[in-house]
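Below are two complexes that have chain A in common, paired first with chain B and then with chain C.
Our next item is the complex of A and B:
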């Protein structure tokens, strides 16, 4: 690597080292520390790991968080795909640009504010139940339920998933799609045998982002799901609140990081693996 | 009528020059303002509480807000001595602040102990070490049954049993802090004054009672969530809070109320301490005196973030004179059967504490299990 290339990359390397790798190693080290009289003391003890990994509620939270993030990923992928498909193949270039601009707009406002705005819509006295009430239905409880949590996750992730899927689909070589159609491939088969495989990497990366953001999100499960049951980010907060057990919270955080690294590695392998030739 | 504003380049330059030349005087005026670092629950450093004191004394409060005594202790533990000039503590944590050497001793003669509404407030548990005062109580409130008056009657609310009412299934919320909620379950079990001093069997029974409430629970909330869910009717009863939240909503017209049930209620108590090593101890002392003055007590009772009861006779008299509606609403009137002082005298109020025979970890572990159940 020449000097210019190194100098060019140095800021990113320094940034990642200072603000990602450094804190990550510190967090791992902290998971072995001890807390005495609300003060953390440097140590190398396995007590925190032994305690947290043997608590049933930790694993309950783990699997609930994993399941909810997986569900949000599945829903976001399925809901986003028709919209992304339409934006990539069915609308003009100008319309697509406007649509992407509109999808970016939600990120201009605070996620917390967007989450709280759902209260007006999903509350038992909210807009949806009022509408359903006019046809004799409801009221249905939507806030403080797993449904509320998924709505919150989608508020965070859906626009991003649509954008990433649109970019992936829009970059497909149209000639290949056209060739499939010219050779008599029906539309559904073209979709699943040509378009989806060609956009596979982008679609998987979009899903991966959705999972990562949902898995680590505190706001949706707390304010939309009523912390019932708590997810791992809520458990981290609970753990730090009780006796300032940052080392035990670090154990949970490391569990989350390991999970996300594994999921990311598996996703990238799946996204970029070569198809074996038959 | 209006004179035309003629902005010539010369006038603009003149104005810019005048502003630049006056800047040193502006900054000098700011520099003479003393900054007081405050560590407190949300609301205590806001203008409705400290504004008048700031103006009168040329000081500026820089509040750092915490949520819970553990959080407060950690913030102090992680900061160099002298970081916080004034610390607002929940009474049950004062002893730990003192034991860790985080607070200065106070001179009891500086404070109006002869004007207290209740004898307990003069020698509040944990605030004294022998004859040395370390923390000065400034306000208190009571926790009991908080409920939506359209769903639970006043009579039903007189027992914690109303949380198990079938009509409120899925509509009982918890303030997400184990201490008040489990304390209430302990009171429900009849532990009365011994609610924090539980032997193994009693602790087991409290856990069983709490778990039996789980099907009724609609969520666990922080301050904002508790506030919202009661306001929009998502939750019809709330465990672990009191008038400090419903009082704000009630003033806003929401059909909510808080009562102390027959099994008893829990008192939260807030006290001011002077941070160890503070170089502004004198002005902080003046501030604590101000908060104990009739004016300060009224401000505390009317606090926008959450109301608290007066602790001095002078404060109560001033509240009745200045805001009789709030005094009536919060039962701070002599002869009122729900007068917080009368409730203490009747033995229905128990001061919040930390578990005696279990650790906070035990309680918190169970709380996490409960939330996951």
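Our next item is the complex of A and C:
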């Protein structure tokens, strides 16, 4: 690498080193520190890990978070697909561009604000229950439930999943779809025989983003799920608040990082694996 | 001859304001190797896609085996096509690509495997059956595409410029493979191309299209030696084209008066076409020969084409084998003298 190229890369390398790798290593190191009299002390002890990994509530929270993020990923993938399919195959390119622009707009406002706007709709006295009340149903409790958490996750992820799926589907070589029809593939089988396999990488990446964002999200489970039960990000906040237990919170954070690394690696392998089992 | 396998009658295809194909009538016999040839945008691919059902005709009828196909969807037609891009499925290996059509027909796995293996073997790519298609060479991919189209044993195979992406030496190989396959299977091949050499090397019959219309249909030799109009004369082969006026048994052109057969009544306009390979060239002046100077030359293997200019600026071409150049030495400068036998000329009467 010549000096010139190095000079150009230096800012990125410095940024990543200072604000990503540095804190990451510090966090891992901190998970071995100890807290005495509400003060953190440098150490290399496995006590935090031993304590956190043997507590039932940590694992309950882990699997709950994992399950909820997984559920949101499944729901987002299935809900987004028909919309993405329509945008990719059923509308003009101009319409598609507009749709993608509109799908970006939600990101202009704070996710927290968008989450609060659900209160108006989902509250016991909100729009949905008011509507159901006129036909003698409800009121149903939707806020501060796992349902609320999933709605929150989808608020965060659904527009992104639709965009990523649309791009994946729109980039499919139309000749291949026509070739399938030409070889006797009826319209109802085209989806699973050609379109999904061709868009596979993009669909998996969209799902991966949804899982990562949901798994690490604090807002939805806290404000829409009412922390009942707490997800891992809520657990981290609670742990730091109770007796300055930053090292124990670091243990949870490292667990989350390892989980996401594994999920991301598996997804990428699945997405770009050459041979199919079809 | 038995009933034609494919009949296009009065077929028109419009895309918005643009008419890609104008009232096309064409019959394709069973077992025929027919090439549809023309420059890009002439409507040849659109015609092929209408046979496959990938485009719906705006007007007219498409019949295959006597059945009206206009409303038969693509997947029910059994008119497999070999695509210019090959359109192999990248998520399937070579064998699975070949099996695709059989899978769509819900043929069981064991039978699918047997028939795919048979066709991969027939096209001499059996050893690549389990290979990912993007690890195969151009020629191998071509063979996978052919096997994939033929495995369902169709009555007709549509080919859309399938060799245009291959290296020259592979094109010749694949031409051999295609002609042999067509002869062995006895099915109809409809081959769309802009390449004269491909069409002339393989087809029994050639359809020349220009701007959405058929301008000539005939056997390769007919098309080559007796073009019916100026477009074909310019598009096919290397022809010298001289506009002139009929004198009954000869045609008067700016380069002289040439005896010719098939002329309209004296006084009418006509065009004389002389194939470049029928023109004789020499260094010595003679009665009726046209003095010319050399502009440029082109060597393709053993064939030389000389581009010359007559005194009035008319461009003339002469094609001859390299060994026939003899002591003609094109670089020596000076004039050349061009002539042709009376029966070399071919007359076009444009309406």
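By definition in this document, the second predicted complex is superposed on the first by the 264 of 278 C-alpha atoms of A that agree within 3 Å, B and C clash if a C-alpha of one lies under 4 Å from a C-alpha of the other, contacts with A are read in each partner's own complex, and residues count from 1 in each chain.
Throughout what follows, a residue touches a chain if its C-beta (ideal position, glycine included) is under 8 Å from a C-beta of that chain, and two chains touch if they have at least 3 such contacts.
None of the values given here were measured: they were computed from a predicted structure.
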item	value
Fit or clash - chain C, chain B, common chain A	fit
Touching partner for A:3 - first (chain B), second (chain C), both, neither	neither
Contacts of A:119 with chain B and chain C, given as first, second, both or neither	first
Partner chain(s) touched by A:194 [first = chain B, second = chain C, both, neither]	second
Chain touching more of chain A, residue-wise (chain B, chain C)	B
Which superposed partner A:173 touches (first chain B, second chain C, both, neither)	second
First, second, both or neither for A:36, with chain B first and chain C second	neither
Minimum C-alpha separation between chain B and chain C after superposing on chain A, in Å	45
Chain B/chain C common contact set on chain A	none
Residues on chain C engaged by chain A in the complex (per definition of touch)	52, 54, 73-76, 78-81, 83, 85, 87, 89-93, 96, 100-101, 103-105, 132, 148-149, 152
Chain A-touching residues of chain B, taken from the complex the two chains share	67-68, 70-71, 73-74, 77-78, 96, 100, 170, 173, 176-178, 217-222, 224-225, 228-229, 232-234, 360-361, 364-365, 367-369, 371-373
Residues on chain A engaged by chain B in the complex (per definition of touch)	37-39, 55-57, 60-61, 64, 116, 119, 123-126, 141, 143-144, 222-223, 225-230, 235, 238, 240-245
Chain C partner contacts - residues on chain A that touch it in the complex	173, 175-176, 178-187, 189, 193-194, 197-198, 200, 274-276, 278
